[in-house]
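Read through the structures below before going on.
Below are two complexes that have subunit A in common, paired first with subunit B and then with subunit C.
Here is the complex of A and B:
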């Protein structure tokens, strides 16, 4: 049985943070008020001295931990392969930059790093000795449209298994298990004036496994409006969904999973509108997983779009409440 | 794409106004402030094009100092600055060396940038985004006096 802890990524408060409503300290205090003891920090977003962690910043983090009893558990890294204007970073440079992220995470006391897919399977294996020395685990994020079983992730799995290292693995984003169109995608399109019949047609084409190119042509021939088309592109991209969540794939990679992004856009009537949390949490619960699922609110624009009437704190509260309810039900079984 | 475009409105910092810049009591130019339009900061080397327009006129690149992290840069320099990080809450100052300064009242300040998202590029091509923001910005009383 798994040892699941719930946390929050401060990325959830992006809107409030960027508009100056919340300082970093406010974000951390909100985590405490929401009842968790650990948070994830996206370094490129909230570390002023990035790409380094200054002593001043560390002092703040420690002060907030002392005041609120909440500490950073995960370091969200961006694999910025394209940071140079004239060329991509080469492999050794990418490994070098990732070692810097490992040092940053270590300085902050984070035991987990979320890395991104521009760090190739070979490079992930190359950083394993450093991850081991610093005792920081580095996981490749599995984000829509990838799932644990897509060919790209199969390559990582093979490399991780072959390496024998316990310090490299995966950070699945639960959005990759979505089984319905996203609220922004579907209800947002309707709100903008999309034709519902045509939008449902787009959803059905996706459900029937029609290829993107073929579906695009069919929709255009049927005279789909631009709002339907825009939703359609998202359905085949970073807001995609599948008839069945890839839980078999998840089970296969679970030995190498040490952290999850609990992605959500909207929890309504105790359910995430697109992601089947009861099934997904049951699969995690039945594994040997030990670590955090951090709530990752991605619905920053839903309020401005008129689809919901509350901010990030209420959104996260609903998400944690749903997760706690599902986990308590699993406990009873 | 849409998730990046929604941040465009933070580019021009209207609330900071326009300040005329003085040296020994003489106007030598004016400044406006701007923030990077995203959810995260970036390396200046990811800014491929940066253009400033005031009252509908493009301001010549050579007249602009881009001031960030306590340093002053030329706009054509930005793409070489892979060690300068623009933190998402930090405001860059655009100082325009224009002896007339800007007259009192509101002026239309527009910034247009092209910026590369350095962690995209899955299939070789990075996402390069056009962002623009235009706001009416008020000239503040007093201005900024530089050390003589």
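Here is the complex of A and C:
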């Protein structure tokens, strides 16, 4: 049976942080009020001394930990392969940047790093000795449209297994198990004026497994409006969905999973509107997983779009309540 | 522009930030503040386009300074700043050299600001160094008090 802890990524408070309503301290205090003891920090978003962790910043983090009893458990890294103006970073530069991320995470006391897929399987293996030295686990994020079984992730699995290291693996984003269109791409599109019949046509093309190129042509030929087309591109991209969640794939990689992003956009009547949390949490519960699922709220614009009438704190509260309810039900079984 | 990122949760061109700036008692030009239209910060070397217009007149590139972290960069030098980070919570100041500055009143400020999103390659592209752009451009009527 798994040892599941619930946390929050401060990315959930993106709207409040960017508009100046919440400072970093406010974000950490909200985590305490929401009842968790660990948070993830996206370094490029909330570490002012990025790409370094200054002593001054560390002092703040420790002060907040002392005051609120909440500490950073995961460091969200960005694999910025394209940061130079004239060329992509080469392997050695990508490895160096990741070593710096490992040292940053270590300084903050985070035991987990979320890395991104531009760090190749070979580079992930190359940083394993550093991950081991600092006892920080580095996981490649599995984000829509990838799932645990897509070819890109298969290559990581092979490299990780071959390496024998326990310090490299995966950070699945639960959004990759979505089985319905995202609220933004269905209710949001309708609200903006999308033709419902055409939108349902787009959803059905995705459900029937029609390729992106073919579906795009069919929709254009049928005269789909720009709101439908915009939703269509998301449904075939970073907000895609599948008829069945890839839970078999998840089971296969679970020995190498030490952290999850509990992605959500909207929890309504105790359910996430697109992601089947009961099934997904049951699969995690039945594994040997030990670590955090951090609530990752991505509905930053839903309130402005008139789809919901509450902010990030209430959204996260609903998400944690849903997870706790599902986990309690699993416990009873 | 095709597929692009643009996350506007607050004003890009900051209201009330337009003002004339002084050097040794003389008005040297005008300035305004800009937030990045994204959820995270970026290295300045990811900036691909930076241009300014005032009251529909393009500003010559040589008159623009991009000011951040206590430094003032000329436009053509931004691409070399791969270790200079633009924090998402901090506005940059754009200074435009214009001796005498702007008249009091409302001015139309135009900003073209496009960056590479350095961790998001364009889908389906096999070209190296081809990333989804972040469009942080804006156009606003700002009041100079």
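Here, the second predicted complex is superposed on the first by the 333 of 333 C-alpha atoms of A that agree within 3 Å, B and C clash if a C-alpha of one lies under 4 Å from a C-alpha of the other, contacts with A are read in each partner's own complex, and residues count from 1 in each chain.
Definition applied: contacts are C-beta pairs under 8 Å (C-beta built on N, C-alpha and C of every residue); 3 or more make two chains touch, one makes a residue touch a chain.
Predicted, not measured: the structure shown is a model, and the values here were computed from it.
Visitor: Subunit B versus subunit C on the shared subunit A, clash or fit?
Guide: clash
Visitor: Looking at A:208 after the superposition, I want to know if it touches subunit B, subunit C, both of them or none. Which is it: first, second, both, neither?
Guide: It touches nothing on subunit B or subunit C.
Visitor: Thinking of the overlay built on chain A, is A:18 touched by subunit B (first), by subunit C (second), by both, or by neither?
Guide: Both partners, subunit B and subunit C.
Visitor: Answer with first, second, both or neither: which of subunit B and subunit C does A:87 touch in the superposed model?
Guide: It touches subunit C, and subunit B stays clear.
Visitor: See if subunit A has more residues touched by subunit B or by subunit C, and give me that chain.
Guide: Comparing touch counts on subunit A for subunit B and subunit C gives C.
Visitor: Go through the superposed model and pick first if A:44 touches only subunit B, second if only subunit C, both, or neither.
Guide: both
Visitor: Considering only the touch criterion stated at the top, classify A:243 as touching first (subunit B), second (subunit C), both, or neither.
Guide: neither
Visitor: Let me test your reading of the model: by the given contact rule, A:79 touches which partner, first (subunit B), second (subunit C), both or neither?
Guide: both
Visitor: Applying the document's definition of touch, where does A:118 land relative to subunit B and subunit C: first, second, both, or neither?
Guide: Touch partners of A:118: subunit B and subunit C.
Visitor: Can you list the residues of subunit A that meet both subunit B and subunit C?
Guide: Touching subunit B in the first complex and subunit C in the second, residues 11, 14, 18, 42, 44-45, 48, 50-51, 78-85, 88, 116, 118, 300-301 of subunit A appear in both lists.
Visitor: Can you name the residues of subunit A that touch subunit C in the complex?
Guide: 11, 14-15, 17-20, 42, 44-46, 48, 50-51, 78-88, 116, 118, 233, 237, 300-301
Visitor: Provide the residue numbers of subunit B that touch subunit A in the complex, in ascending order.
Guide: Touching subunit A: residues 2-3, 6-7, 10, 39-43, 45-46, 48, 79-80, 82, 85, 87-90, 116-122, 126 of subunit B.
Visitor: If we count contacts the way the header does, which residues on subunit A are in touch with subunit B in the complex?
Guide: Listed in rising order, the residues are 11, 14, 18, 42, 44-45, 48, 50-51, 78-85, 88, 116-118, 230, 300-301.
Visitor: Using the touch definition up top, name the residues of subunit C that touch subunit A in the complex.
Guide: 3, 7, 9-10, 35, 39-43, 45-46, 48, 79-80, 82-83, 85, 87-90, 116-119, 121, 123, 128-129, 131
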